[in-house]
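Structures given as structure tokens follow.
Across the two complexes that follow, chain A remains constant while its partner is chain B and subsequently chain C.
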Partner chain A sequence: MSKLYTFLKYFFITFWTVFVVAPFLWAVSTSFKDFQSVNSKVTYIPWLDFEPTLEGWRVLIKSPAKGGVDIVEPYFNSIFVTCTASLISIVLGTLAAYALSRFTFKAGFVRNNDITFFFISQRIMPPIVLSIPFFIFLSTIGLLDSLLGLVVVYIVLLMPIAVWIMVDFFNRVPKELDETALIDGCNPYQAFYKVVLPNSIPGLIVAGMFCIIFGWIDFFFAFILTFTEVQLLPVKVVALNSSITPWWSLSASALVSVAPLIIVAFIVERYLSKGNLSGALK
Partner chain B sequence: MNFKHKFVFLFPGLFVLIGILIFPIIFTIRLSLSGWNSYTPEMNFIGITNYIRLFTDDPRFWESFFRLSFLSVTTVVLQYVIGFALAMMVWREIKFKRFFRVIFLVPMMTTPVIMTVIWRTFFHESLGPVNDLLGGLGVKPILWLSDPVIAKFTVIIVEVWQWTPFMFLLLLAGLLSLPKEPFLAAAIDGASPFRKFVYVTFPLMAPISIGAIIIRLIEASKIMDTVFVLTSGGPGTATETSSFYIYIKGLREFQMGYAATLSFTYLVIMIISLTIIAKVLTKLMIKE
Partner chain C sequence: MEEQMAKIDLSNISHTYNPLDPKPTYALNPFSMTWENGKRYAILGPSGCGKTTMLNIVSGLVRPSKGEILFDETPVTDLKTEDRNIAQVFQFPVIYNTMTVYDNLAFPLRCREFTKEKIEERVKAVSDTLNLSSFLSSPARKLTADQKQLISLGRGLVREDVAAVLMDEPLTVIDPDLKFRLRRNLKEINEQYKTTLVYVTHDQNEAMTFAENIIVMDQGEIVQVGLPKDLFEKPKTTFVGYFIGSPAMNIFHSTVSSDHEVKINDTTIKTNSNLGNLKDKNVKLGIRSEFIELAEKEKSNTVKIKLTRVEDFGNFKLLTGKMGDLVIKSKVEREKPIPDGELNLYFPPEKCCVYSDEKLV
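On to the complex of A and B.
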């Protein structure tokens, strides 16, 4: 029984690992191919199956005028939009979460839980529902096709995540902590800033990582709300996916754009193993 | 505490969110009562004509809605089962534990739409590796993207690949935070691993499971990127989900007014059904 269980366990783990890694391996292999080795028959291993070339990687940094793809600018756009929106969401979300966790609010039938639910419920909204009014809203105030406009939209996507994680986290930070600080003569802001915040760093890191992940992987808003002036990475990569797809540069650009967040996977795992995350994520 | 301070903490976030959202929501409701399309791009008032059309004369929307329900429930159930299994396996000591944990987390960190482009080449019917390798085993080429039934499963495979890590992360974090005492008690009683799971682990994990399932259902109901790139709703309308249908009506056919009607109706249905699901799940799982 237990031997069978161990066997099944390792079988399943191996199977899942292969499943997870397979598309990446395929992308790495494809990124070194040329037209011939993509379109004649299915090839896998460089040198053995096909003659590898760096063309797929080289076009990424060439300017469009020379037939390149130029993903450098979209790359920085994506980093800027994701980081700015995450930062704003974390700051505002953390403040709001602290208020919701420590004070009681009453307005008519609205209680703390209802306000928290209001924040989190924004995630229910499908992007498509928001995208049409946002399109018209942003064009009215002249922010269509601009980085700032995207930041505004991404705040709606990310603040619910920050509030969700931080409310949970603050509920776990003992109240006595701020009460002691208040007795010691701090005002509520000092108590928050000097005592509670330093004790909430694991929560802030988790919230920050989640915001960055969900900001970085968004496609739909970037797709609808930008055209030529500003392009984000996912839109740029998907634009390559046309009828005569250059699979090689597509794969190379895909790998380049998913690479930075894979580092996040390592950070998440570190926090998980240290046990810091268990508190931060329910 | 002094009541003034609490508003200083809450209001910036609350008002920024409301400030950004108030216009889109009011605008959507108003737009849904208009006949804005590419011929008459103006905010006229046609009453509830759009809503009547939706409820009496648009089977395609309801089909896409049921398809969405099927896809999201199936993917979330699969993600939950697989995610739980994976979390259980790397919860306790195992060789290369940390390596597997990282590997299991990776797909969640990748941009769905970009990975879907890779999946598209992966499942390509003549030039993709899947059919090639299966062909080596003597299997006939499978129409991953152009068969109406199989295309649904292809979407499910990609969604499960992408989002099982999220479930895995929440459940593993939950498992790691469980108290030790119930497990010691079960060990002293000599409970088998199976009974330990059914009577100790699973009940303790119930609240976390509910949270994780609901979050994933909310996110899964927005399936869009995968469908958009992988199949474009096709073949025919075989993988068309509500979001994608609204997208076609609104931003391809420019029936803005009608698309707003669809959006608003869809949003109301989503909020109601997710609330009901949350209540039912809480009842079912906590009682066990």
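On to the complex of A and C.
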């Protein structure tokens, strides 16, 4: 019985690993192929099945004038927009979450929970509903097709995530911690910066991770709110797909676009494995 | 160092958590009290009786709905927590996870900008008292629960100039052996530095052994303030009689039969209380099981009971007997031979307390 269990356990783990990793390996292998190796017959292993070439990768940094696609600029655009929007969302979201967790608000029938729900409800709507208002809004203030405009929109999208995670986190930090800091002689701001915030690093990491992921992978708003001036990475990658799909450079660009998330995952994983996030994750 | 310890006056304080309600329920009913400088107080009462609210009012975490707080005659009611000179220790350990033990202990002093030398000196003194010296450089989060609570306690004691150290059941998470030693340490600290200590607990033994003055609370009301002996021998209300002592005070329904006597069923019991105004009224007679004596034979102030149970507690025996429907408990010495079946118990008149409307006559 236990042998069967062990077998099944390893079988499913292996199955799942293959399921997850195989597309990546295929993408890695494809990114080194040329037109021939992709289109003539199925090939898997470099040097054995096909002669690897760096053409798929070179195209990514070549300017369009020289027949390349140049994803370098969109790449840095994406990094800038994601990081700026995440940072601002985390700062504002954390402050909002702390207030929602510690103070009682009343406005008519609106209470703390209603305000928290209001934040989260921004994510309940399908994005398509928001696209027209955002478009009109950005064009009115003249930020359509600009990095700043994208940052503004991404803050709207990411802050609910930060508020949601941090409210939950702060609610688990006993209020006695703040009270002790007050008794020890901090004013409420010092209590927050010196005591509550350092204790909340695990929560901040989780919130930051989610903000970066959701910011980085967004295609929809980047597609609708930009045209020619500014392009973000997901839009650029999709745009690679023309009448003849360049599978090699598409694979290469897919790999470089998931790379930052893999790095984020590795950093967060260190905290996860230490058990430091136990309070931050359900 | 400037002496800043203070007399604390609570004047006409009351508090409700729902002040906007047309009929607010009061967590604390109006009361006035003075905590003398340098004394040890225990606030004793069942859960939810307003003990913690009272502490939070003194430390400023809660602003009382009505009334005034004075430290040395200076009103502090509107002063914020961080500007009052109060230390408070909570029931569960509150430590600054990201700091070392040393930094935890030094934090209250750093916030108040003490000199480095002074901080070092105080942290050393406190960590010696609390046996934390060997952990000073380790991260506070790595310590066990009771060591963490020692840190909380240490942060309360590290400032010499506090008006009072308020402790909200601080020893709940600490094992009994260490508890005993810590209570003694706290007493020593109080005697040495003359720090006012206020100790909230629902454990009567803790209160009795710790404090000079015990404040008994029930349902937002201060029922009795007094020395442990007073609470034990002359409980002001039947609640105090029930709440303090183990087993609880024996309390019997009875009627007043003369100026000094009450009747339980048909037995007349003489007391030292003056019952002239209560003739024929229904009252309650209370007597501690410790004061009830075994009598050889029937005489005045004895009751005849049917023995139902004898429990041996090692240092004493607890007799449970019945007189009609009434249950009587009596503590007797272990060596005393207990006759079977019926026996007589003597109620010393000076130990009998008579309660009318639950209050001591």
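Following the convention adopted for this analysis, the second predicted complex is superposed on the first by the 282 of 282 C-alpha atoms of A that agree within 3 Å, B and C clash if a C-alpha of one lies under 4 Å from a C-alpha of the other, contacts with A are read in each partner's own complex, and residues count from 1 in each chain.
Simple rule for what comes next: a contact is a pair of C-beta atoms (placed from the backbone, for glycine too) under 8 Å apart; a residue touches a chain by one contact, two chains touch by 3 or more.
What you see is a predicted model, and the numbers here were worked out from it, not measured in a lab.
Taken together through their common chain A, the two structures put chain B and chain C side by side without a clash.
Here chain B and chain C are compared by how many residues of chain A each touches, and B touches more.
In the superposition on chain A, A:166 makes contact with neither chain B nor chain C.
Using CA centres, the angle subtended at chain A by chain B and chain C is 90 degrees, rounded to a multiple of 10.
Looking at the shared chain after the overlay, A:143 reaches neither chain B nor chain C.
In the superposition on chain A, contact is made by A:16 with chain B only, not with chain C.
After overlaying the two complexes on the shared chain, residue contacts for A:60 are found with neither chain B nor chain C. Residue contacts after overlaying the shared chain place A:230 against neither chain B nor chain C. Of the two partner chains placed around the shared chain by superposition, chain C is the only one that A:180 touches, whereas chain B remains out of contact. Looking at the shared chain after the overlay, A:90 reaches neither chain B nor chain C.
Per the superposed model, the minimal spacing between any CA atom of chain B and any CA atom of chain C is 7 Å.
Looking at chain A, you'll find residues 182, 187 touch chain B in one structure and chain C in the other.
Residues of chain C that touch chain A in their complex: 59-61, 80-82, 86-88, 90, 92, 94, 96-99, 107-108, 111-112, 152, 155. The part of chain A that touches chain C in the complex is made up of residues 174, 176-177, 179-180, 182-187, 190, 195, 198-199, 201.
Across the complex, chain B is touched by residues 2, 5, 9, 12-13, 16-17, 19-23, 26-27, 30, 38-39, 41-42, 44, 88, 92-93, 95-96, 98-100, 102-103, 105, 115, 119, 121-134, 136-137, 152-153, 155-156, 159, 163, 182, 187-189, 192, 213, 216-217, 219-220, 224, 233-234, 237-238, 240-241, 245, 247, 250-251, 254, 257-258, 261-262, 264-266, 268-269, 272-273, 275, 277-282 of chain A. Touching chain A in their complex are the following residues of chain B: 1-3, 5-10, 12-14, 16-17, 20-21, 23-25, 27-28, 31, 82, 85-86, 89-90, 98, 100-115, 117-122, 127-129, 132, 161, 169-170, 172-174, 176-177, 193, 207-208, 211, 215, 218-219, 221-222, 224-225, 228-229, 242-244, 246-247, 250-251, 256, 259-260, 263-264, 266-267, 270-271, 274.
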